[in-house]
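The same subunit A turns up in both complexes below, where it pairs with subunit B and then with subunit C.
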Partner chain A sequence: MEILGPVLVAGITTGALYALATIGLSLVWGALGMLNMAHGALLTIGGYAAFTLATLMGAPWPVAVLAPVVVGALIGAVIYLLVAQPLLARAPRSFETNVIIATFGVAMALENAVLLIFGGQPFGQSIALTGHLQAGGIFIPWQNVLIVAVVLVLMAGTAFFLARTRAGRAIRATAQHREAAQLLGVPVGRVYLQVLALSGGIAGTCGLLVSSITQLSPTLGADPMLKAFIMCVVAGLGNLPGAIGAAFVLALIEAFASYALGARWGFPLLLAIVILVLIWRPDGLFGRAAVRRL
Partner chain B sequence: MSRADRGHLVFGLIVLAALAALPFVADSRYVLGQVILALFYAIVASQWNLLFGFAGVFSLGQMALFAFGGYATAMLGFYLDWSMWVAMPVAAVGTVLFSLVIGLACLRLAGAYVALLTLAVAQVMYLLIVTDTDCFVMQGATCRQFTGGAVGFARFGDLGTRAIFKGDYVVANYAIVAALFLLTMGFTWAVIRSPLGLAFQALRDNPGCAVARGINRFSTQLLVFGASAFFTGLAGGLYAAHFQAIGPGVLSLSTLMFIIAIAVVGGIGKLWGPLVGAVILVLADEALREVGGDYRTLGLGLIIAAAMVLMPKGVIGLVESMVARLRPASGRAAEFVKSGT
Partner chain C sequence: MAEAALAIDALVTGYDRRDVLTGISLDLPDGALVTVVGPNGHGKTTLLRAISGLLPTRRGSIRLFGRKLAGLAPHQVAAAGIVHVPQGDLLFPQMSVHENLLMGAYLENDQAVIRRRLEEVEALLPKLAERRDQLASSLSGGERRMVGIGRGLMMGGRVMLIDEPSLGLAPIIIEQVYEVIARLKASGRTILLVEENPARVADLADAIHLLDNGRIVWSGPPHDLLERDELLETYLGG
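Now for the complex of A and B:
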């Protein structure tokens, strides 16, 4: 029981972080059919943006917390305008693969820019709660509680935005059928821009949260991004609720596997499970086979 | 022989002549070393191009196959004292088997799913090698992991050129690598022209019609994946034997990026694209090193993104469209009529 508690806490916390990372990825995939390989770099930049304001410039924490959102959203919008839009306009059929390569390049450039500006040495994120909560013999750091709370609030906010607001309805309409939405007067280009900005803002926040329980480094976002991708894939790309569920389940499995078999076997086991699931259901657990007209 | 094939053949002969002339022109060992490196990149990129450009399979696990070939060669030499010349082909066959296992797991899926899963496989391989700390054998007082750990392998044998050619062994190694490159290009050309090649190009261009014509997507793509693995693995083995070292660094994302950048800049789906891309990027890499090595990765990332957005068919595609515009319209019409019959 003494062991079970911390493993459970770690699993749920990382699950919440993966879930937040998958939201941004799923939104963009659902709306544009675009895998944003620069998502991990947005996480990294979010973490560093908060660090720059809070630690280097001494800004109060409410300002520093907003910085990752703004910077992430801006970079997301720039990626759409400079990379995704031209690629989509030129060759819609090969967009799916072309955009992976192009954003891969963007990710490399952004990550390297962070390395050049801040150097490779790790920093501690100062925006973090200290202390523990003790419940039934289990110590839960307040920071972990905060992370789960923030993630839940952001998920609820995103769900509300998508379900109830006009902009959210436009996003869902575009995701369902681009041409039909366009014919009904949805400004598809603006919707895409909004989706990438929203996803960038969420990614920035996610980066701040990840850095608060680990350390800031230029490769901060790479590991969460790859795992978030895997979780999106196992749930079926573009399926938001499925991806969030998969994030929590797989993070718990990873935490227990790391504990039982050693840290190095967590990810391999995760991947093995994912591949087995995909052999069984090639479109993901909750994904529906896409029917395409020829 | 079609017009395109004649073009490939002429270009191939020019490349052959250039490769043969190079050792007499290049005066420094450094230049020759960089050319060898460029040829290794071109080999791997050409097989990635075969897979993605011609068959439409988006694999990000190419460096995992390269590393498998390199590691298998190094380990056969290190643990079993095999000659490199025996170890390399055995390792290449092993790489094909390894690729078939990966393909069986990943190729049931399509598009972005394949990219993510193959990337994850490569990443897992990297993590398992780097975090390997269990002693497998003791080498003097130092402990050696089965996979070589974060350090990798060194001193497992060489190509034997040093003993024969003494100081000029780099030229001999260059000849071997150049020969492998030409062999790879010949193989790629043959595969593309074969019935299998027609099948996977049809699958790339119109999956629906191809499947309706009775082409099995899974088995066709698995075959290309396995075919591309042979020379990738062989190149990995030769890389290990030439540098007499192999480490987990070949599995890093930046190496994979460099390979993809070469294919993109040269021209995806163009037979000679990888060679053109390799020459351009190795030169650009040298230039960036002059400016300051720190900006190397930054520049590379921007080059990939910009090339993808601005010239999606690469340098070769750009040149082709310029040539097509220069040719008189009547010639074009005649060509059209000829190809229509």
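Now for the complex of A and C:
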């Protein structure tokens, strides 16, 4: 128990972070059929935005923690307006492929901008709780408790927004049948903009949380982005609840595999599971022949 | 003469570079039910899609109570008062019947109005109240059609476009759907109905237009069309 406890804590914390990274990716895929390759870069920028305000500019922490949300949402909106919207308008049939390449370019540009401004050396994130609590003989750092709590609140908030609000229903309707939504008066362009902004805001927050238990570096978002993509594929692209479930389960498997077999086996085991799942169910665990949309 | 609710004049529209409609003109008087019949693939659905803004108006004009619709985006056409109940229903499969109906009232902000419309729709289509919390994807074909019509009614628009409401349904269900359409007409709604079989609308439609190859080739009262064997034979396969 003495060793399994910390592994469990680490697994749940990373699961929460993967889940949060997954939400943004899955939202955008579900609504637009867009695999946003710049999602990881939004995480990175979120972490640096908070660092810039808190450490470099000395802003109070409530302002600094809002910075990733605002910056992430703004960049998400700009990605829609300058990249996704023109591609969607000019070549809707090849949008899904084109947007992968285009946002991959955006990701490279954003990561290199971070490299140019802040350099390649890692920084410690200054916004993080210190200390720990002890429960049943297990030490749980307060920062890990905070991460899981923030992720749960954001997941519940997103679920409530999508299920119960008019704007959320419009997002789901557009995801499930774009043309039908248009005929009912839904301005789909504005809905897409909202989805990219929401996803960007969540990604920015996720970046701050990831950096609080690791370090800030220009490739901060790459690993969570890769894992989030894996979770989405395992669950079936566009299936939000499935992806969140997969995030926690796979993160725990990764954590325990790293402990039992050695750190270098965690990720290969994860990939082996993904390959087996896709052989068994090519549309993902909860996916259907047609993609389930939000 | 009273102003037409919907006036279409010399409309040309199509897909990609091909014109499908090559100069359609028709008037839909306020409170009337006008039907467009014709063989499959000759432009009936295209006409409705052009009115809703899903297809561009290349030439000609579409006016709703005098207001130009050509050039508006589909959501703006909906806001102007066009209700399009599309072919195949196009429901939101992962939403409940209730949520589908609420989406119909997307443009309405007044909760009291939304509640009143819901009551009216559920009174007209009682099955929807029974199926309220069921996912749209789990409904039968007839129930889906009713949700499609109910969702359209929730919009509260001034002119309804209904595209082939009998498509893919069993005869007994088609009868039920047409009973609902008859009640909508009786309540004074203005309806442009696309149908393949003119006999179904013989007692319902005020006027009928026969569409073939992108043009209206005959217009008149429905019973007159049913007596013209040569037209039925030529255009609708008897």
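The working rule: the second predicted complex is superposed on the first by the 290 of 294 C-alpha atoms of A that agree within 3 Å, B and C clash if a C-alpha of one lies under 4 Å from a C-alpha of the other, contacts with A are read in each partner's own complex, and residues count from 1 in each chain.
The criterion applied here is as follows: a residue touches a chain if its C-beta (ideal position, glycine included) is under 8 Å from a C-beta of that chain, and two chains touch if they have at least 3 such contacts.
Computed from a predicted structure; not experimentally measured.
Once the two complexes are overlaid on the shared chain, A:L193 sits clear of subunit B and of subunit C alike.
Within the superposed three-chain model, A:I213 lies out of touch with both subunit B and subunit C [touch as defined at top]. In the overlay built on the shared chain, the residue A:L183 is in contact with subunit C alone; subunit B does not reach it. Between subunit B and subunit C, the partner in contact with more residues of subunit A is B.
Applying the stated contact rule after C-alpha superposition, one finds that A:P282 touches subunit B and leaves subunit C untouched.
Judged by the touch definition given at the top, the superposed model places A:L74 against neither subunit B nor subunit C.
In the overlay built on the shared chain, the residue A:V83 is in contact with subunit B alone; subunit C does not reach it.
Of the two partner chains, subunit C is the only one touched by A:R172; subunit B is not. Counting contacts by the rule stated earlier, residues 292, 294 of subunit A appear in both its interface with subunit B and its interface with subunit C. Contacts from subunit B toward subunit A in the complex involve residues 52, 58, 105-106, 108-109, 111-113, 115-117, 119-121, 123-124, 127-128, 131-132, 206, 208-209, 253-254, 257, 260-261, 264, 294-295, 297-298, 300-306, 308-309, 312.
Those residues of subunit C lying in contact with subunit A across their complex are 52, 54, 73-75, 78-79, 84, 86, 90-95, 99, 102-104, 106-107, 151, 155. On the subunit A side of its complex with subunit C, the touching residues are 166, 169-170, 172-173, 176-177, 179-188, 292-294.
In the complex of the two chains, the subunit A residues touching subunit B come out as 29, 35, 82-83, 86-87, 90-91, 94, 96-98, 100-113, 115-116, 222, 226, 229-230, 233, 237, 263-264, 267-268, 271, 274-275, 278-279, 282, 292, 294.
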